[in-house]
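Handing you a structure now.
Labels for the chains are A, B, C and D, by order of writing; each one numbers its residues from 1.
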Amino acid sequence: MRWEERREVVLGVLALLFLGAYAWPILDPGLDPGWERACRLTQVVVWVAFGADFALRVAAAPARARWVRGHLLELALLVLPVLRPLRLLVLLTLLRAINRGGAVSLRGRVGVYVGAGSVLVGLVAALSVLEAERGAPGATITGFGDAVWWACTTMTTVGYGDTYPVTPLGRTIGVGLMVAGVALLGAVTATAAAWLVQAVAEEEAEEAAEEAAQEAAEEAAQVAAVGARDPGAELLREVRALRAEVAALRGRPDPGRDGNLQQ
Amino acid sequence: MRWEERREVVLGVLALLFLGAYAWPILDPGLDPGWERACRLTQVVVWVAFGADFALRVAAAPARARWVRGHLLELALLVLPVLRPLRLLVLLTLLRAINRGGAVSLRGRVGVYVGAGSVLVGLVAALSVLEAERGAPGATITGFGDAVWWACTTMTTVGYGDTYPVTPLGRTIGVGLMVAGVALLGAVTATAAAWLVQAVAEEEAEEAAEEAAQEAAEEAAQVAAVGARDPGAELLREVRALRAEVAALRGRPDPGRDGNLQQ
Amino acid sequence: MRWEERREVVLGVLALLFLGAYAWPILDPGLDPGWERACRLTQVVVWVAFGADFALRVAAAPARARWVRGHLLELALLVLPVLRPLRLLVLLTLLRAINRGGAVSLRGRVGVYVGAGSVLVGLVAALSVLEAERGAPGATITGFGDAVWWACTTMTTVGYGDTYPVTPLGRTIGVGLMVAGVALLGAVTATAAAWLVQAVAEEEAEEAAEEAAQEAAEEAAQVAAVGARDPGAELLREVRALRAEVAALRGRPDPGRDGNLQQ
Amino acid sequence: MRWEERREVVLGVLALLFLGAYAWPILDPGLDPGWERACRLTQVVVWVAFGADFALRVAAAPARARWVRGHLLELALLVLPVLRPLRLLVLLTLLRAINRGGAVSLRGRVGVYVGAGSVLVGLVAALSVLEAERGAPGATITGFGDAVWWACTTMTTVGYGDTYPVTPLGRTIGVGLMVAGVALLGAVTATAAAWLVQAVAEEEAEEAAEEAAQEAAEEAAQVAAVGARDPGAELLREVRALRAEVAALRGRPDPGRDGNLQQ
């Protein structure tokens, strides 16, 4: 466990390094060529580290072919240069470490992933689209502010149309971001719905429990009034109480109560 | 309770005062400087009152550090000048007072909060964006009507693009409003879903209850036909009826009924 | 019942008449003044008929003040001239008549209302916005085709921005349509969610029932092997079977089965 | 089964052929007239094949009139030339074949249909809108890239407004795509909600099961301490254990446990 945690922290730091080396030349177009080369080198170094991590895990897996098949997305992120910026998603694994710490509910965890994932995906899309669009004729996204603004209007599906990509690569990034936006909307709605469905169910269960408790109390009073010492009567009392419980569980008045107790 | 209610009413009135003092100079750009100064003074006074309320509650809390940690959002609204207009959200606490009065269902309360919260957030955003955009070169939001129209198109994620913020501050307000819009969509959907899921479940439960009641009646008729005086038979009758109930609860025909009663 | 149905049909026919008299002058701006006057007269006649229907129902209600309070929306549609076109929503009551005929599920009824309500609201909004916008300087909605197209882009929250209202009245109609669009999205999502949640639950219940049936069969075989004639043993068999059922209901293996049957 | 599968594969291949013959003249406006005629011929041939398939199935149906009434949509796709491109939806039946192979969960199947259906509908809409818009005055959709980009912005309800249809046919296609987009959003949200509702319920059931198991263990220990040889006591033990189970099922502490065991 300790080793695994250390590995995650190292990967997270490397991803942050990658983020810096990826973002700097995009944000500062007039960057000194020497620094630009340094950034590229950093990206290559992080990429090699990620590749080595992947190779080590393949080597350590008992069934290698199956392991690779289960990590195809990760492999694609590693091999396809166009998906390069998405390597930053490794930062989401840091969230796993955070979530492990506290005893968070499933809904809380989904919320954290949705929030952090949205910010990360939006940031990556803004950087990539800026790289793709800057300098294109007729581009409306010409600065980082524009790019972030575009990413926000796209993810929330508002889409004013004051900023939009015009290059094929930019539009491809845009389609990916729209899909992410639809998924984001779905996740937000689902989290809200899950909370509300559960809260409504709990409120109703509370009411039902109160009613059932009252009914059970009345039942117990009647049973006590009947009174009995012999074991057969005790059994009868037990079974009748049980039946009242089951009836309460079904949420309808015990049908046999009145009829059978008068005997 | 009485004291707490009075406090909420006072805060609500102060917030309305703040709303007036905040909105007037924005809505009337050619306001007399004397009145403008009066509005600023009113804002400061309300701010001081809110700060005093916060300080008093800190002082009254048993565990102060923990109390502050639980009210960080409130503290941020108080301290950060840029979040100033959001202080109006204190008006939502008035809703709490209203909700306390009637015995409203959870779904009803969510609906009231969603509706009133949407109107309040939209109004605040319209005022702030108008303040930020008015006079900016290339601005499309130049009057209060434009600002409200923009807030509506943004919160519902329609986003025609005839009006949109162009300044950094206006865009920041816009991002906040988009997030509110996504949350609004989620809440509306969730409320509808909770209602529908519950209504469908109730409709099915009714049908199941009718079937079970019929089955139980048939069962009771059979049991009555068998007849019996001795306590063992009575116990048997009780247990069989119970078993029929549990079977009905599981929603499948009682498996042992036919076989065991023929004996 | 018969009378009520006849009333609904008459109101529906009147609403269709109103639709024609409302739409014709809007769709054909160069309408002969005589015809235009006839249309206005028809609208007034239908309005008087609706008012008479409302008055009759008030008179027939046992608690009049309370009845009016429960029909405030209807009263507003009748009294406020700006809500005039929404009187067409009376056509939705025809759906109630249709739904009454077949035994439709709740979800089906919601679907019918959502579909027909969307079409009706969209049509009304398109007609009203066309009336409000036509002739306004800078208007982008200048024909019925544009108006319908605008209504569709607004209700689905797509909002391209090629057509949008520019007059205050047109924008007010637009805000109403956006709210309807959000509610539409919520209803569609909720219907889909209710279907899916239920279908998933049924699929799981089926699997659980199969497992439980298998378990119960094994249990029955064991019980049969034990065999017994005396009533005490019969009771034991009954209670054990019942316990297996409850255990199956809870979805976990019966804990006492193995231990108690070996005795 | 075998025959049905072969039929589906043949229809799928024909649909792919149709896709090619439909798409080629649209994508390459300067196509040689001979090739264009070949494409048209291919479309007619596929159409005849689909018609023959439909006729054969009508002939094979036991109740023909009822069968046709149940396949009205299919008939419309066959007869109405404007719905021609939607014949490609027959490709979705290939998914059925794929889904039949693996034991996929309902949610998984919904996901596959939503994903593949979205891509297919988007592709068909992009091709049709391109055919309708190309050459129209003021058109913003002039190439296949534009058309796909437009389809994506429409289905996700982003709607930047940089590309939008201007012809009546193009707008009709657009409305259909918007409705598909709303349904897509609903399906995505519903799938997410179903997953989350179920996961939350499972998490809670697990916690409840743990508590119940602990309670049952304590109960069993108490029962064992009481000890008993005679059948009456055994019966009592059974019924008490059962009652503890039912109480655990209702999720509240067994009310009669403490009182009855002390006797």
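Everything below uses one rule, namely that a residue touches a chain if its C-beta (ideal position, glycine included) is under 8 Å from a C-beta of that chain, and two chains touch if they have at least 3 such contacts.
As the structure is a computational prediction, the values presented were derived from the model and not from experiment.
A.B. asks: Minimal path length between chain A and chain D through chains that touch?
C.D. replies: 1
A.B. asks: Comparing the two chain pairs, does B-C have more C-beta contacts than A-C, or is it the other way round?
C.D. replies: B-C
A.B. asks: What's the rotation, in steps of 5°, that superposes chain B's Cα atoms on chain D?
C.D. replies: 180
A.B. asks: Would the interface of chain C with chain D count as same or different, where same needs over half of all numbers used to appear in both copies?
C.D. replies: Mostly different residues.
A.B. asks: Chain A to chain C: how many Å between their CA centres?
C.D. replies: 32
A.B. asks: Distance-wise, how many Å sit between the C-alpha centres of chain B and chain C, to the nearest whole number?
C.D. replies: Distance between chain centres: 22 Å.
A.B. asks: Touching two or more other chains, which residues of chain B qualify?
C.D. replies: Expected reply: 153, 157-161, 185, 189, 191, 193, 197, 235, 239, 242, 246, 249.
A.B. asks: What topology does the chain contact graph adopt: line, ring, star, complete, or other?
C.D. replies: Graph shape, chains as nodes and touching pairs as edges: complete.
A.B. asks: List the residues on chain A that touch chain D in their complex, please.
C.D. replies: So the residues of chain A in touch with chain D come to 105-107, 110, 153-154, 157-161, 164, 166, 168, 171, 174-175, 178-179, 181-183, 185-187, 189-191, 193-194, 197-198, 209, 212, 216, 220, 231-232, 234-235, 238-239, 241-242, 245-246, 248-249.
A.B. asks: Under the touch definition given earlier, write down the residues of chain B that touch chain C in their complex.
C.D. replies: 145, 149, 152-153, 156-162, 184-185, 188-189, 191-193, 195-197, 199-200, 203, 232, 235-236, 239-240, 242-243, 246-247, 249-250, 252, 255-256, 260, 263
A.B. asks: Considering only the defined contacts, which chain C positions touch chain A in the complex?
C.D. replies: Its residues touching chain A are 157, 159-161, 189, 193.
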